[in-house]
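Each chain gets a letter, A, B, C and D, in the order it is written, and its residues are counted from 1.
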Amino acid sequence: MTEGTSRIDAFSDGVFAIAITLLILEISVPHAGVEGSLWTGLVALWPSYLAFALSFFVILVTWVTHHDLMRLVRATTRPLQLANGCALLYVTFIPFPTAVLAANLGGSEVSTAVAFYCGTFVLGSGAFNLLVATIARGQLFRPEVDAQTIGRIRRGYRITFVIYVATTLMALVTPLLALALNVAVRLHLLRIRYQPAPSVPRQEAQLTP
Amino acid sequence: MTEGTSRIDAFSDGVFAIAITLLILEISVPHAGVEGSLWTGLVALWPSYLAFALSFFVILVTWVTHHDLMRLVRATTRPLQLANGCALLYVTFIPFPTAVLAANLGGSEVSTAVAFYCGTFVLGSGAFNLLVATIARGQLFRPEVDAQTIGRIRRGYRITFVIYVATTLMALVTPLLALALNVAVRLHLLRIRYQPAPSVPRQEAQLTP
Amino acid sequence: MTEGTSRIDAFSDGVFAIAITLLILEISVPHAGVEGSLWTGLVALWPSYLAFALSFFVILVTWVTHHDLMRLVRATTRPLQLANGCALLYVTFIPFPTAVLAANLGGSEVSTAVAFYCGTFVLGSGAFNLLVATIARGQLFRPEVDAQTIGRIRRGYRITFVIYVATTLMALVTPLLALALNVAVRLHLLRIRYQPAPSVPRQEAQLTP
Amino acid sequence: MTEGTSRIDAFSDGVFAIAITLLILEISVPHAGVEGSLWTGLVALWPSYLAFALSFFVILVTWVTHHDLMRLVRATTRPLQLANGCALLYVTFIPFPTAVLAANLGGSEVSTAVAFYCGTFVLGSGAFNLLVATIARGQLFRPEVDAQTIGRIRRGYRITFVIYVATTLMALVTPLLALALNVAVRLHLLRIRYQPAPSVPRQEAQLTP
């Protein structure tokens, strides 16, 4: 009824790699001569560069997080495929709020744009909480992952969800601070790593193709 | 003359992952100030979000289905590569009817758009029926897959084809009900899983790289 | 100095899968109400559908051909990576002549568009001839591939090159016949398969991840 | 704490394959009849073809270089994932300066466009220097890679950085010579290959899936 996670991992990796690369398509070339020099045009695109770099970083951290979570999973089931699909739906959606952010970062509607951008992370965090809950409910964690570690993982995902709700609300008041907080949260996330057992990483390195 | 399915699987996975990620490119950023606030513009895009989520779900279920079918195949031949190519042609086409649907979901031509969208699934189901027939005719099912299971698989694919023809015709009258039925059919498809033999999934997990 | 072809294969597969999926982005949604009904608009796009299906088939056959050639290669070198890069440059270029073809298939400049489309295949065939020559000159064929087989492969690639030059010239006079001939050539190519030795396919199936 | 580099390699390969294939999307179809014949329009796109081929070559060489570097790495850590992310950020950015180059190669602002294009390589080289430094500082080179080889690799990356700074400055004066120098540097880079030890390539071929 169950099987290894290699094909779901490969599919997810593909989606992450494509979503992170599509971000660049949202930046369009400035036309020299129309509004000042080409140089002025390239500099005026700073909101696009910032939004591009920000979303690149967000998808990269999400990939690392997804990678770390799936390392602890022993098998694939239908509910897992659906929950993972929800997480990937969020990842593929990111280029759109990124483009909205880039188009409005220097304008008068910046708080709406940042709230929409951060609101996407609330939905994304919801999808990842669903994924973790599906893994836990289906008892799909590897046997080396003890109940305490599972508890810590689930708490961690719930706390992140609450933080994303908070930054979205904050974006309506101080949008740039909300963006900065999002980066800080993700830099912090990178420092956490759930260790199932000393021997697993090595074993994993052999299993993963 | 024949070989394993690992490379055709990897190629197909790549196509699925890209098609599912390209869907977002069809949603274009609303321009604040032109027609009301940015918020109004983002809300007015609901047909795009709906079409995006719908097609994401369709491609995800198709990937799961394809995955499940190819698990039962022992070898690749030229006819199989061509039939699989037809199935992938359908998958890569999906972003276009999705965009047509998104552009017309709130307009006066919604029934044409939904019929075109559902009509794509008829062609797609035809391609998958061709794929199953090619596998059966070439005797490419793994030895563990008995004649009865093959019969059930082929009947299942034929029934789905008939349902898609029916929903396409229904779309001309009640488009939204036709869309809802499509989701229901796919949720049902996710519940079916052909079991070749108790030992195969484990063996598969080792074979798949 | 040399290594297996697994990573160059994976990279090439990725490029093939992306190029074949990007083709759909060239078809843009008709706007209902502007020029007749949505249905009229969708039907008027037949040159886009035809160009899309044609190029999909071309890339699919090229992938099968590339796949079959690389199966016979035992190691990767720098010249091979460069020659393979030329072949992939051709593959990634295909969406552009496809769009040119779609935009002009029903117009007055159809012969220029078809000649440009077929001319791309001349360059592509040149790149594949370079690839085969690089493999032969670097003695990178597996030991099971005898000199006679290598000779037949190289002759086959040279003949295809000449045919593509001929169809490009023919396109200037009878464009649609030239397109039909291109399909026929590729259907014929699918029937040829170079057999190194009876035992290799099985061995390959184990080596390829 | 550490694991093999197979998944970071697969993710990076995906990003390289997508970035190299997206380049073609920047070339838009000329409209026949508007400005002379279709043939004139296709010929007038030569800056787009040149920029496309140039960036294809740049990404291809970067992929080969990345591939060669990661072959020498024994494990993945968080800092490595972040530094590799910076290198991939550069790779995914390349389609944008390519489009800027194509739009201005035949115009009056060619020196700004080429300087922007070459300036991207300075940032990219910076990211790769960071990647090498992260590998060295984390002692992530395979045990077979001796201190002397590591020294040569790091010196090589630093020299390349200096050359890219020089060509960017040169672009402000003689843009086309700067582009030619960039090609020359990369052709030279292809000739260098760091050998860890005689037995490693073979072993690598077995380890890499």
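Throughout what follows, a residue touches a chain if its C-beta (ideal position, glycine included) is under 8 Å from a C-beta of that chain, and two chains touch if they have at least 3 such contacts.
Here the structure is a predicted model, which is why all the values come from computation and not from measurement.
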Exercise for the section: Examine where the copies chain A and chain D touch and state whether the two sides share over half of their residue numbers (same) or under half (different). Expected result: different
Practice task
If we define chain centres by averaging CA atoms, which chain lands farthest from chain B? Would you check?
Solution key: D
Problem - Inter-copy rotation, chain B to chain C, in degrees (Cα atoms; steps of 5) - result: 90
Problem - Geometric centre distance via CA averages, chain B-chain A, whole Å - result: 25
Problem - Chain centre separation in whole Å, for chain D relative to chain B (CA means) - result: 36
Practice task
Quick one: which residues in chain D touch 2 or more of the other chains?
Solution key: 10, 14, 18, 22, 25, 209
Practice task
Note which residues of chain C are touching chain B in the complex, please.
Solution key: 9-10, 13-14, 16-18, 20-25, 27, 29-33, 37-39, 42, 52-53, 56-57, 60, 63-64, 67, 190-191, 193, 195, 201-202, 204-206, 208-209
Completion exercise
The residues of chain D that touch chain A in their complex are 1-4, 6-7, 10-11, 14-15, 18-19, 22, 25-26, 78, 81-82, 85, 88-89, 92-93, 95-96, 99-100, 103-104, 107-109, 112-113, 116, 209
